[in-house]
């Protein structure tokens, strides 16, 4: 589903991703971990073409991401659910509208949107905040809204960047269960996190990044 | 789908209602300035036409001219397409006119044994022909006709008229360009406000898989609506200004304007609305710039 | 401290250099429009003064007037503060003038045994006095003098002059208000751009313990600099426009303007720069609004 | 140093802080924890007068916060170092300028600023990012920049909201040590966090919030 062949990405001064080879099968659930600045976010950004690789080849769901034309990028991204480390909720829209946006871009009908959004809000536990603006949510509530937005479109691939940084352990475990469920239904899931508790005892693949290189792999 | 685009445009219009109202009013003010300027030009043009109707050329005939030659000159003048109106003034008519012009001193002419004044034609030209060089060539052509002694016309008057026309045109180009530049800047910077408020939104939309059309759509719709409203407001305001001032202007220029000041012609209303929309769309488009993923 | 404020203003000016350049140009364009308008009014006023110098009042004296009465009228006229210039025209002068006016037909007057024309004074008024009601009252006063038969003047000419003056003033107020409104809108919305770009910054500054002065400072400095630059650019541009057009204008209005078109007076340059700064500061201040913690 | 007497704060619909009584002595180090939405952020915001209490009295460093005049608020805040959950770094300024800002507001001289900023950057481990813009930092690097900004002014009180949400365990422990050091030097420190590892074995006071109420207190 996601394949990195010798991928390198550097910013002016420093190399964020160094000759990485990676192969994630359809339906897998994989964790990426490593110290701050190791390149986790950069690796995810390369997958959804927010960054262009300097070298190497990236294949995602059959698309050769490095060679993608500008106008094809939206269609790649429509297959990918994204949980951003910095949330990126639209401040002027309610939680409901923020989540509905994914579906509206996919041209889903408004009636359908209503049921799907309210289901997903219930799942992440912030249904009572449906009509609030992001600024009126606590940090953890915002994080759950972002997760809801990523899941609502039933993506083929889910990329989550530090999805539980602002969540208390109980809620974090609830979210992990959600990710596992959606993975069971066939979605490929890739989670970048510092939270060892999250992948401990899952039995899933964990990739350890350091200074842009894959240090080692293990099972959680 | 397009319903969603339209919806989010309306939504965003409403959310930024104060800044949008401001933008609308700014566009309206700019269009009002253009409107007042057009109204002035339009009416000055009408007035010039009106005044120019008073302009005449006098064709003095030779003293020994016979009736058939007079007829020939008359025909030649009447068939000239630049000439609107031809009036024959006999020797007697001329003397009477001079007498009445001298007023109470006119009696001094009663003692004359012989009428020294020539007969003449008084010609009015079409307004279109009232250009210094044109008038000169017409006068020269007439002067060469058989039986014509001399041709007189207010050269100074024609040259003033020509200058005023030229001046107005230069002024129109100069001020018009300035104001047009001003409007472009206003719209651009107003839409930049919208855009700056929403760079984050645009970035996020890109990441969620929105196409360029989906991203641009609401901005363009918004810009178009603002432009349209600006145009409409300016028309209403102009109408108001016209109502308020037209009577005053008539009473201010009692000598100059014997007829009411005109509002802008109907077709130009549509030009206003359309240029509002076009300016709004163009401004939005420029402000959005090139969208890159 | 104020160094820091100034520094961060410069910093922010540079970071938003395109939008700030745009704002500066917008302000400049608005001021240029006002400038061109002022230049037009200023020159039209000069031209009106020039033309009005041609305006005269003719005071016809009674036929039986004696030399001492003429002297008395002359003295009365000369001592009137509204009268610039007095010229006496004797009966003979008058007849000669009429003859030369009639041109080749003037010979008809040679046969007269008695000169029917009266002697007269031709008066020029000071430009300041050239107001219809004022002219009328002066004429009436003169008419009541001993030995004066009649007073004639171009009533139509005076009323046109008055109308044009009134019209210009009305135009000045109308267009001036419109443009001033436009400028306020432009500055406001431009500073709003700055402000929207930096609401986050303002919020954060508040949380870090910045006083209102520290928050407002850079914005005000920035607005003032933009306004000043706008004023300076508009002055340069006006100077350029003047250079380009002044000669053309002279050649366009050969009859009307025998003297060169004037640029704006020096004191008005400072008015331009100062109003640029003031508008910039005011716009920033309004756009910043009330700062609350 | 910080005293809450029967403080209540509610947003239109829900109560975020419910009749809370709290007393934190000068020089103490206290942790606040509790599930997402419990009111941790609100409690901190009340201290630096970003929110106004509906009821009750709040005393901070001798100021009666609830009765503070608008123009005195900046002077209250100059005593408080803030680590925000959502960072609030100025996006158009470099890391250096972001941190220097605190000192510039305090009218410290530029020479002095230079040494102090570079010292603090070394302490949090992002000295090499001094001239970067926030958007070019990883999540954890941004978090450390915010911590540096809060510490550089040598505040009397330090309030940190989820200061390690984006940090790997090692870096998080480094930051905790920093907080302990500054606390040892006399600064009162108040940290809101979900990260149990952070306060485990510190022996410091931990306040458990739930639904806006203090559920219990314990030692970490």
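Here the chain labels run A, B, C and D in written order, and each chain numbers its own residues starting at 1.
Just so it is clear, a contact is a pair of C-beta atoms (placed from the backbone, for glycine too) under 8 Å apart; a residue touches a chain by one contact, two chains touch by 3 or more.
As the structure is a computational prediction, the values presented were derived from the model and not from experiment.
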Return the chain whose centre of C-alpha atoms lies at maximal distance from the corresponding centre of chain D.
-> B
Centroid spacing, where centroids are CA-atom means, of chain B and chain D in whole angstrom | 68
Cα centre of chain B to Cα centre of chain C, whole Å, reads 23
Approximate Å spacing (C-alpha centroids) for the pair chain A, chain D | 29
For chain C, what residues touch not just one other chain but two or more?
-> none
Touching two or more other chains - residue numbers and ranges from chain A = none
Between the chains shown, work out who touches whom and classify the graph as line, ring, star, complete or other.
-> ring
What pairs of chains are touching here?
-> A-B, A-D, B-C, C-D
Within their complex, chain C touches chain B through residues 19, 22-23, 25-26, 29-30, 32-33, 36, 40, 98, 105, 107-109, 111-112, 116-117, 156, 159-160, 163, 166-167, 170-171, 174-175, 178-179, 181-182, 185-186, 188-190, 192-193, 196-197, 241, 245, 248-249, 252-256
Provide the residue numbers of chain D that touch chain C in the complex, in ascending order.
-> 48-50, 70-71, 73-78, 80, 82, 84, 88, 90-92, 101-102, 104-107, 149
State the interface residues of chain A toward chain D in the complex, per the touch definition above.
-> 11, 33-37, 40-41, 85-86, 136, 138-141, 143-144, 161-162, 165-172, 194, 196
Given the complex, residues on chain C that touch chain D span 1, 4, 12, 15, 200-201, 203-212, 214, 292-293
